[in-house]
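Consider the two complexes below, in which chain A is the common component and chain B and chain C are the respective partners.
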Partner chain A sequence: MTACPFGTRRTRRWIPWLSISVPTLGWLVFVLYPSAATIYYSLTQYSGVPGAPVNYCGLCNYQQAFTSLSSQTWAALKVTLVYAAGVTVLQIVIGLGLALLLNRRGRLFSLYRALVFMPQIFSVTIVAALFSLILDPVSGPAEKILHGLFGASSAFLGDSSISLPLIILINVWMFSGYTMLIYVAGLRRIPPELYEAASLDGCGWWSRFRRITWPMLAASTTVNVFLTAMGCLGEYALILLLTDGQFGTQTIGMYMFQQAFGQQSQLGYGSMLAMLQFAMTLVIGGVLLFTLRRREVQL
Partner chain B sequence: MRRNARDRLLRALGVHSVSFVISAGLFALPIVYLTLQSFKSYTGFLEDPTGLPTSWTFSNFTSAWTEGNFGTELVNSLIYATIPDAVTLLLGVFLAFPISRGYFKFSNALYAFFVFSGFLPAGLIPLFVEARALHLYNSQLGYLVLTSFAGAGFFFFVGYIKSIPRELDEAAALEGCGYFRFITRIIIPQMRPALAAFAVFGFIASWNNLILPLVMLSSQSLWPVTRGLYGFMSQYSTQWPLIAAGTIIVAIPVLILFVLLQRHLVEGVAGGAVAGTQPVTQTGPSTATYTETPAAGPRVPRRAKEERSHERGQATPDYRNVHQESGAI
Partner chain C sequence: MSPVGSRPAGRSPRRLLRPLSVLGVAALTASVLAACSSSSSDSQTLVIAEWTNAAAVTYTQQIDSLFEKEHPGVTVDLETAPTANAGWPTLESSVLASKGVDVLAEFPPGPAAYPPNYTGIVPGNPAALVTSHQLVNMANEPFMKYYNKTNAEYAAGYDGGIYGVPAAEYVNNGGMWFKPSLLAKYGLSVPTTYNQFIADCKVFKAHGITPVFVAGKDGYQNILFAGIYNQLIMNDTPASDATTISLNRNVAFWKGTQKWTDPVYQTTASEYEQVMQYIEPEAAGVSAQTAPAEWAVQSSNYPFFIDGSYDGNTITQANPSLNVGFFAFPGTNNPSWNRAPLAPDLTWTVPTWAKHKTLAMEWLELFSQPSNYAGWVKATGSLSTETSVATPSLKWTGWLSANMSNAYDALTTPWAPNGAPTNATEPDTIAMQPIGSVPPATELQDSTNNYANAIKAAK
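Coming up: the complex of A and B.
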């Protein structure tokens, strides 16, 4: 601790405390308390009807979630994993491809990069409206293309077999610009001498990528994988708008939202689901960070 | 030699056309398509739902505007995006400054606690219960209170403030400058680039937030545009030209912001996120990466802009002046 130099001898003791008091208090009340209270609420039966009592019931919600015959919870955990893994892998591949293609000098290329980045400044509502129209089973252009080329038709987002992959693709469409930019920043830090030396040694495009670009981008890959995976594990706004969790797209976050703020209004059960999502994020985040960091060192 | 030049030209053309097709065709075309549909009449859309409009009409925009209540909702969105953004930044600086300087006991512990709290479960459900108990539910003021204490950017500020020399504090204090005056007149101007970046990202994040308005605001008159568009979509479910027009109305403000700040945003993402890879608890690195990243790209115009703002900065109290004065003492 260093003494604060500001104020008189009397005031300088409490000036820093005054400075942090308002933000800390606000954070305690509106950030820390709700987070911590989720743990308690997950141990209760609590209906969202105003005035309803909070009944402590131990692990009843957890028991119910994992013992009931048609366990929606297991299904939701599985969907969440598929969703997060699908988005992460696709977004890394596409983001890296875009970065390699568009990381060039010139006004036009900065325009291309801006266009790729653009979708994510839009609210999920805008993106959902856009793709609900494009994928509309009656009059959307996707239907026209599918019908014109293959004579087939599809319910798209209303079809359980492709609904989740479509939402994965929409998510990738929205956010691959971000992944691309992190890779662009990574590419610009690679010393050009490395490439010069490699081309003197007669290395081709692929071996330059494998031996120089990919290992030198290890830190960017860590950031991208971690951010994307963590984001997807908690994401449900897009799903809520596009399918409302139907047709095999109910992630754990979506299930939580539906339980807590849908018809049933089960705040206790919803909190338990929030805890499951939290546990999942913690475990996967920890494993990812550990393996990615170790990989960085090895590369 | 000439053949070599021709090959290079062809190659450049190829790269350009591939880049154009991907960025415009995959990422911009859907928006263009949506815009085209908004100019069709409903019957025109039913006859040809994919092509260009045969007769262009503005009626979708006027009826979307009147029926969707977008005017009020845009004002609401503006309120919900600007006020919490400004409060969060200001509180963030007042929180980050004494922590980064270590001006109070347990400042490191408090910082670690803040970092740790980021790993706790999402508190949406208890926040809803709390908002109802504190009468912050379904109220404009309540929503502002709920969103003003998120503390975004605070971690980054701690690192950033460390790059402002500590001697400056002592010099200013010797001159008789008070704590709050020092923060508002010296620290905040110094932090302008960081504050600007976080202000823009905070604004966009609040503007785009859907879940919190969905949970906290039940009266339609209090809705922001994101929530409003969601309601509008379910109300006019198959009237696509109308929905397209509503979507364009909602998208335009963000689109304008994007066009104006495009370079800033795009660079901010790269710089900010890369800085985030460094552990924030360490003393130096986050500031080191911050200064490193802009220089890494060939961004001449931006550097010129920085110099200009630097010149402007000389007119206001600048730490260099204070520095010289302290030297004189």
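Coming up: the complex of A and C.
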């Protein structure tokens, strides 16, 4: 038996407790406390300015959100759902398409996959700055191309009818590489014998995809759909930088950010919106996970 | 049998480990404590936070260098963040939460930031800092003698005290830039009435020139909307009455005796709609960060540009050869009513808990010395708020110099309960046509309804 250098048998009993105490402390300070504080602040009228009075007002913020300000709240919830659904569907379709296209051996395909994944490593600020310049309606290249090809012009991000779809596309451009990588990993786990057998049975490409590839990618789809949808339900950074929540792009996350940390910050109201966002994420996340896992079992 | 028992007698590794561990922990603790104590007692770093305005930041750095020279051993750390995309509020919250700032730039609260108790409104930043006694009252500081007292009281006054140094003042509402060469080319002069402005726009349009440019994506067209109603409401009332008129208007809105559907706002919306027919068609996608430079480089297009006077340096730096001027948009057909509404801007404050309060006051003294302040207003294009320093004569300040004497403090937006929709406090010109899709009359009605609902909920 090897001797333990740390203390006697008596003191050694404390080692497990000490070991978990550090992460527990971290959890208490960085997870439990902020969560509890958000719940509490959502019940107050508080500007968020350190040292300013925190006035407890019960459910006043919740009441306001669903009575006098309900149109604003529902509009933000609706935009969030459209945004999350749009990004999730497009990202899954494009990510899967790219995975099928680039799941081949060879240095060139490795390079292509790296290029497709690259936008993921850019910060949101860089991506937003890049697309703000591209989509500038006076001096941006998008305007020149649109004008050159169709003789038309557009305000792009300043046009309420297309600003949300544009942000959805930018998000998809940024994160499709990640979705692709998860699908590539899934594709490589499918036994080639299944395809060989299907080919011998005379199955075409579409039939092989529908009966082998898609069902065998169920676990990858669960991960991709869940992660993408959850990320989108809390989205605000890209929107903040591109449109500041204007032109029909105010998601619940953006609305919360503006209320809690905007120029005339009201952290109490913002915390209430954070609680609404949490509840929405919990419900949608739960439903998605339940449905997708059940689908995995069925397949 | 204990594993220890199998070891030879003498100092076992475990026995050695214990005193070594104790010594290690003690040494670590001592070094951490030493580091802490040295940082609190010896550190002479004056921390200043200011939002990003290139000219202002550059000049502040010059003052900082001067201050460091005059105070050997003192370092000035300047923290900056852009006002766009909530960058500045985020930095501000951070330095306030960590109590890590000695001199903090603030947008001055003005008297409307302290709603009466009956409204139940919790003041936002920076008024909340004042009411919670976190800003130093500077009314009796020696350097305040340099500043116009009325200005300082309006910008940072509360309950008899003055809680900031009003370092800058600009024309925001009604602010309009123009290209004199383009006007001269078509035999036009700076319009002094609303009808003249529209006539000028028609002339330009007839020559294939898009008359007006604006950063529509960030809502700068609101400068026009607010400028018009400021002039219609203030008409030729003395500038000294502006604060009273503004506060009475806020009370009237709160009590429901004034609404966004009132005739004055209907007229405003109608004029606004007419002017907006002449803007760059895709202005809704132009951001405030790029607009001044985009306007400046297109010397043969866009004779007018809706923007505040704070962008003077950005415009002149983007195209130094551009002949450029600034005036207040004429919102009425009575030239004497078309005065410039003023907006106090950067105001230096010192938190009561600042670690280097004395140094902060010395820095403000240095900044406020007329010779230094003269450099500041020249660099930033700000109107002077010091009594002995004249507003600088720059190539675009001709109209301002000639008309500043009758300018007044801009009307503030009505008090809004927490969480009120954006268009409750003022019709949303981003939603309104032509930037948005809502007809002006509908937007006025929406604003009225939203304000009434927000007040009802608050009561």
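Operating definition for what follows: the second predicted complex is superposed on the first by the 289 of 299 C-alpha atoms of A that agree within 3 Å, B and C clash if a C-alpha of one lies under 4 Å from a C-alpha of the other, contacts with A are read in each partner's own complex, and residues count from 1 in each chain.
By definition in this document, contacts are C-beta pairs under 8 Å (C-beta built on N, C-alpha and C of every residue); 3 or more make two chains touch, one makes a residue touch a chain.
Since this is a predicted model, take the numbers as computed values, not measurements.
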**Message:** Under the superposition described at the top, does placing chain B and chain C together on chain A give a clash or a fit?
**Reply:** clash
**Request:** Have a look at where A:241 lands relative to chain B and chain C in the superposition and call it first, second, both or neither.
**Result:** both
**Message:** Once chain A of both complexes is superposed, is A:203 in touch with chain B (first), chain C (second), both, or neither?
**Reply:** neither
**Request:** Give one of first, second, both or neither to describe whether A:52 is in contact with chain B, with chain C, with both, or with none.
**Result:** second
**Which superposed partner A:139 touches (first chain B, second chain C, both, neither)** = both
**Message:** Between chain C and chain B, which one touches more residues of chain A when both complexes sit on the common chain A?
**Reply:** B
**Prompt:** Which partner does A:257 reach: the first (chain B), the second (chain C), both, or neither?
**Reply:** both
**Message:** Contacts for A:100 in the overlay, against chain B (first) and chain C (second): which applies, first, second, both or neither?
**Reply:** neither
**Message:** Taking the superposition on A as described, I'd like to know which of chain B and chain C A:22 touches: first, second, both or neither.
**Reply:** first
**Asked** Regarding the shared-chain residue A:216, is it in contact with chain B (first), chain C (second), both, or neither?
**Response** neither
**Request:** Kindly classify A:265 by the partners it touches after superposition: chain B alone (first), chain C alone (second), both, or neither?
**Result:** second
**Asked** Between the stretches 63-71, 117-125, 135-143 or 315-323, which region of chain B is in steric conflict with chain C after the superposition?
**Response** 135-143
**Fill in**
chain A contact set shared between chain B and chain C covers 1-7, 48, 50, 132-133, 136, 138-139, 241, 257, 261
**Asked** Which bits of chain A are touching chain B when the two form their complex?
**Response** 1-7, 15-17, 19-20, 22-24, 26-27, 29-39, 41, 48, 50, 98, 101-102, 104-105, 108-119, 121-126, 128-134, 136, 138-141, 144, 173, 177-178, 181-182, 184-186, 188-189, 219-220, 222-223, 227, 234, 236-237, 241, 256-257, 260-261, 267, 270-271, 274-275, 277-278, 282
**Message:** Quick check on the complex: what are the chain A residues that touch chain C?
**Reply:** 1-7, 9, 45-53, 55, 61, 63-65, 67-69, 71-72, 132-133, 135-139, 143, 153-160, 240-241, 243-244, 246-247, 257-259, 261-266, 268-269
**Asked** Which bits of chain C are touching chain A when the two form their complex?
**Response** 2-4, 7, 13-14, 17-18, 85-86, 89-90, 93, 96-97, 99, 107, 122-126, 128-129, 131-132, 134, 216-219, 280-287, 290, 294, 417-421, 430, 435-437, 453-454, 456-457
**Of all residues in chain B, those that touch chain A in their complex** = 15-16, 18-20, 22-24, 26-28, 30-31, 33-34, 37, 45-46, 49-50, 91-92, 94-95, 97-99, 101-105, 107, 110, 114, 117, 119-130, 132, 145-146, 148-151, 154, 169-170, 172-174, 177-179, 182-183, 204, 207-211, 214-215, 225-227, 229-230, 233, 238, 240, 243-244, 246-247, 250-251, 254-255, 257-258, 262-263, 265-266, 269-271, 273-274, 276-277, 293, 296-298
